[in-house]
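I've put the structures underneath this note.
The same subunit A turns up in both complexes below, where it pairs with subunit B and then with subunit C.
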Partner chain A sequence: MDWFNNFWSVYSNLVLTLGTNALLALSIYLTLSCGMLAIANAAFMGIGAYASALLTMNYGLPFPLAMAAGMAAPALMAFVIGKPTLRLSGVYLAMATLAFGEVVRIALLNAESITGGALGLNGIPQSTQWWHVALALVLTLALLWRLRRSKVGRAFESIKEDETAAGLMGIDVGAHKMLAFVLGAAIAGLAGTLNAHLTFFIGPSEYGFDRAVDILTMAILGGIGNLTGPVIGAVILTLLPEMLRSFKDFRLVVNGFILVLIVLFLPKGIWDPGHFRQWFGRGGRRA
Partner chain B sequence: MLEQQLVNALSLGCVYALFALGFTLVFGILGVINLSHGAIFMVGAYAAEQAVARFAFPLWGALLFAFLFCGGVGLVIDFLVLRPLRARNAPHLIPMIATIGVAIILNNGVQGIFGAQNLRFPSGLVSEETLSLGGMSLTALELGIILLSFVLMTVLLLVLKKTQLGRALRAIAESPKAAYLLGINVEGLFYLTSFAAAGLGGVAGVLIGLYSNALFPLMGQPMLHKGIAVIILGGMGDIRGALLGGLFLGFAEVLSVAYIGSSMRDAVAFGLLFLILLVRPKGLFGTLQERKV
Partner chain C sequence: MSTSLRLASLSRHFGGLQVLQDVNLEIPQSGIFGLIGPNGAGKTTVFNLITGLLPPTSGRIEFNGQNLAGRKPHDITRLGIARTFQNIRIFKDMSLLENVMVGLHAQLKYGSLGLLTSSGLFRSEERRARERARELLSWVKLDNKATAKADNLSYGEQRKLELARALATNPKLLLLDEPVAGMNSSEKDELMIEIRNISERGYTIFMIEHDMRFVMGLCGDIAVLNFGRIIARGSPDTIRNDPQVIEAYLGREDDEVSRDATEDAA
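For the complex of A and B:
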């Protein structure tokens, strides 16, 4: 077990980050699977992280309660902004959610008396255990898996395919979109809470535009046709910069090249069952 | 004081408009949200700085060099990345992700070559003279920025409105397929668009580099966010909208710094954007396309 202890002491943070990133990728998968390109997940993650960290630091709230608050706060926020925002579609929704994200980041930056401004929050108790992350991931996957096969999941899918047709079939498009948006925000908030209580320190710049785009990239790169894709995308994008350390100054350049190559040659994402069937010759036509 | 603020706002707004022009051109004609436009902006500034520092180019030469160099970069990106995705009809998010990869390559490539520290244009490149116009002073640089931006934007608008080339481009913006059937060289015009858009982005980079006198590898990222704000303000893919949106954002920012305080400067831009999207999703000046069932 020695090698394992060594490995864990060096890489435990990385492994747990894999878990939280997978949660983030799944949170955006949920809105994408309902046909909405909403990129506010970094902001929701930030809201969750700040809400829970403030509660554990200032009020000594037990971690499970803080976690619940860290999910409830972004979910509530999503509900409030969802009403006007979700009327938009396509690129406009993407831009509105991106703008909302920037507003949240700037608000965190300027509310210095509460959030510590640009210095961020320091000394958050490190309450996140490895099994918290594992459990959160397993539960989220189970929930989403169950959801896909339920009436609600099928409603999501039909909205994604054609909103007008789904509405004509009697699906309450607005309510389903809202559900996906709020649930996605709660998952992002959970990831934020776990991450904040892992890294000891959080700052507003972690939840800006770049993070939002990162999350989207993970999901798209992995493939959004099913649940495996986003998880794989998160794993690859988290590990890639670590594995390219030998390239020193140019490691992110190589990272960018790999990203472009994956997009060019696997435009449906890495995890594309249609491709596998084609490669391993089990007959099925590509979807 | 107010007049002075308005002059600052005008020159800042012009650069925003110039940057957003390329951004909106690519969206309107290629249908791609090009997230590498900020990185190209930065490459333009570095290209001009190198041209001046190493080969002693005069300012106009450096601007021309930045335009051509960035245009070349845009062309290469289009040829290597966007063209294969077009060829296989990838869903529209995919090219956007690819341009994120391109931006990572450019940003970190420049950082690897030149380091993360700030570079400056050599002093004395732009004359320090100022022009006084009834109480407000205008530096040569500000005047140059305003004039150059207006010339470039006028040329672009005239080309799009009056020439055969412009009509072809507008046809492609409506529907590439129909344009192709009409015998328009769609692929060639896609290249031309990528070239011109990247070139304009590069020129905007040089102008901001001169204006703030600091070049750094990530200087394009805040600009990219503002470019997004501008093209939404003006309506996606709308050239005149990009122009007006750029000026509008310039004025909103400068005036909010003057009257509210500098810390809320970016919040104003994005808060405004968020509100406008909720009230008028097509942008301030745009027209919304009806969804076809």
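For the complex of A and C:
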């Protein structure tokens, strides 16, 4: 077990980051599966991180309670901003949610007395254990899997395909969009809470535009046709920069470049069962 | 005969354009009712107003005594009105079965959060929905393709799927917007039989159609809309011989404009 202890002491942070990134990719998958291009998930992650970290640092709140707060705060925020913005569609929704993300980042930067401003929060208790992340990921996957196979999942998909037709099937389009948005925010907040209590330090720049694009890239890269895609996308996009450490300054360039290539050649993402059947099924059918 | 749907002095303007003016129409509780009229007469707007996709400028829409104006489309569907579209709007990336199960949405009795806890109820309701969806697909003879992707269906089959999906919402009144548009004559004959079967199962049908043979063959009661006004109402024979209807479709003999146009063309 020596090799494992060595491995874990070096890479535990990376492995746990894989988990939180997978949660983030799943959080945006939820809104994408309902046909909404909302990119406020980095901001929701930040709200969850700050809310929970402030509670554990300043009030000594037990970690499970802080986790609940870290999910509730962004969910509430999503509900409030969702009311006016979810009427928008396509790029207009993307613009509004992106703007909201900037507002959150700048608010964190300027509310110095509470958030520490640009210096961020230091000395967050490192309460996140590996099994917290594993459990959060498993529960989230189980929830989303159940959702997909229920009337709610079918409603999301029908809204994604044709909003008008979905409404005329008796589906409350507004309520389902809100559900996807709020639930996605809660999952992002959970990832933020776990991440903050893993890294000891958080600052406003972690939850800005770069992170928002990262999260979107993970989901799109992996594929949003099913739950495996976002997880795989998160794994690849977390490991890739580690493997290409020498390119550190060009990390975002590489991210952008990969996104372009994927959209060009694999428009449905890496994990597309339809493609697999096409590639590997042909030989079988012929036999 | 009692009334299912009543349009009372219904008007709709788009800016200065008066698409519907003071439309009064009563659709009986049973049977197949037809609404015909030349292109641009405002027929689809009537459906858009009834289903809540557009608000009326003025007037009332009553369905079984309830006013529909101001309600959201999903509320109106749940009251018992379903529709199909002139340009088919099925969910192409979903299977036939899933398409119809979307229509069953409001009838599934587990709540959005209850689906996490009450596992038994969830499973039995989903099974019931699947069985009902298969039954509805068998009504339009598509049950043998239940798990295929809707995108792979032929044009005529897509129309039938849309019909099955509309029936899944358990409507009392079914609105069909040009059900045979773009179909060949054998597909038309097939659909005529399907619609007659659906009517015999007790659904009230209100259809818009261009194809005269189709309308005259199915509907016992027809209204004619021209330039946003109802100009005639009655049995197929009455409609066929109504001078105003003939004029709307063929033009008047002393119509200067049309004569000029013909001369220009010559």
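The criterion applied here is as follows: the second predicted complex is superposed on the first by the 262 of 287 C-alpha atoms of A that agree within 3 Å, B and C clash if a C-alpha of one lies under 4 Å from a C-alpha of the other, contacts with A are read in each partner's own complex, and residues count from 1 in each chain.
As a convention for this text, contacts are C-beta pairs under 8 Å (C-beta built on N, C-alpha and C of every residue); 3 or more make two chains touch, one makes a residue touch a chain.
It should be emphasised that the depicted structure is a prediction, and the values quoted were computed from it without experimental measurement.
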item	value
First, second, both or neither for A:143, with subunit B first and subunit C second	second
Touching partner for A:152 - first (subunit B), second (subunit C), both, neither	second
Partner chain in contact with A:209 - subunit B first, subunit C second, else both or neither	first
Partner chain(s) touched by A:267 [first = subunit B, second = subunit C, both, neither]	first
Partner chain(s) touched by A:57 [first = subunit B, second = subunit C, both, neither]	neither
Touching partner for A:164 - first (subunit B), second (subunit C), both, neither	both
Touching partner for A:239 - first (subunit B), second (subunit C), both, neither	neither
Touching partner for A:173 - first (subunit B), second (subunit C), both, neither	second
On subunit A, positions contacted by subunit B and by subunit C	164
Partner subunit C, residues of subunit A touching it in the complex	143, 146-147, 149-152, 154-155, 157-158, 161-162, 164-173, 179
Contact footprint of subunit B on subunit A as seen in their complex	37, 84-85, 87-88, 91-92, 95-96, 98-100, 102-103, 106-107, 109-110, 164, 209-210, 213, 216-217, 220-221, 249-250, 252-253, 255-260, 263-264, 267
Partner subunit A, residues of subunit B touching it in the complex	33, 35, 81, 84-85, 88, 90-91, 93-94, 97-98, 100-105, 107-109, 111-112, 221, 225, 228-229, 232, 236, 263-264, 266-267, 270-271, 273-274, 277-278, 281, 291, 293
Subunit C residues touching subunit A - in the complex, by the definition given at the top	51, 53, 72-74, 77-78, 82-83, 85, 89-94, 98, 101-106, 108, 110, 112, 115-116, 122, 126, 129, 165, 168-169
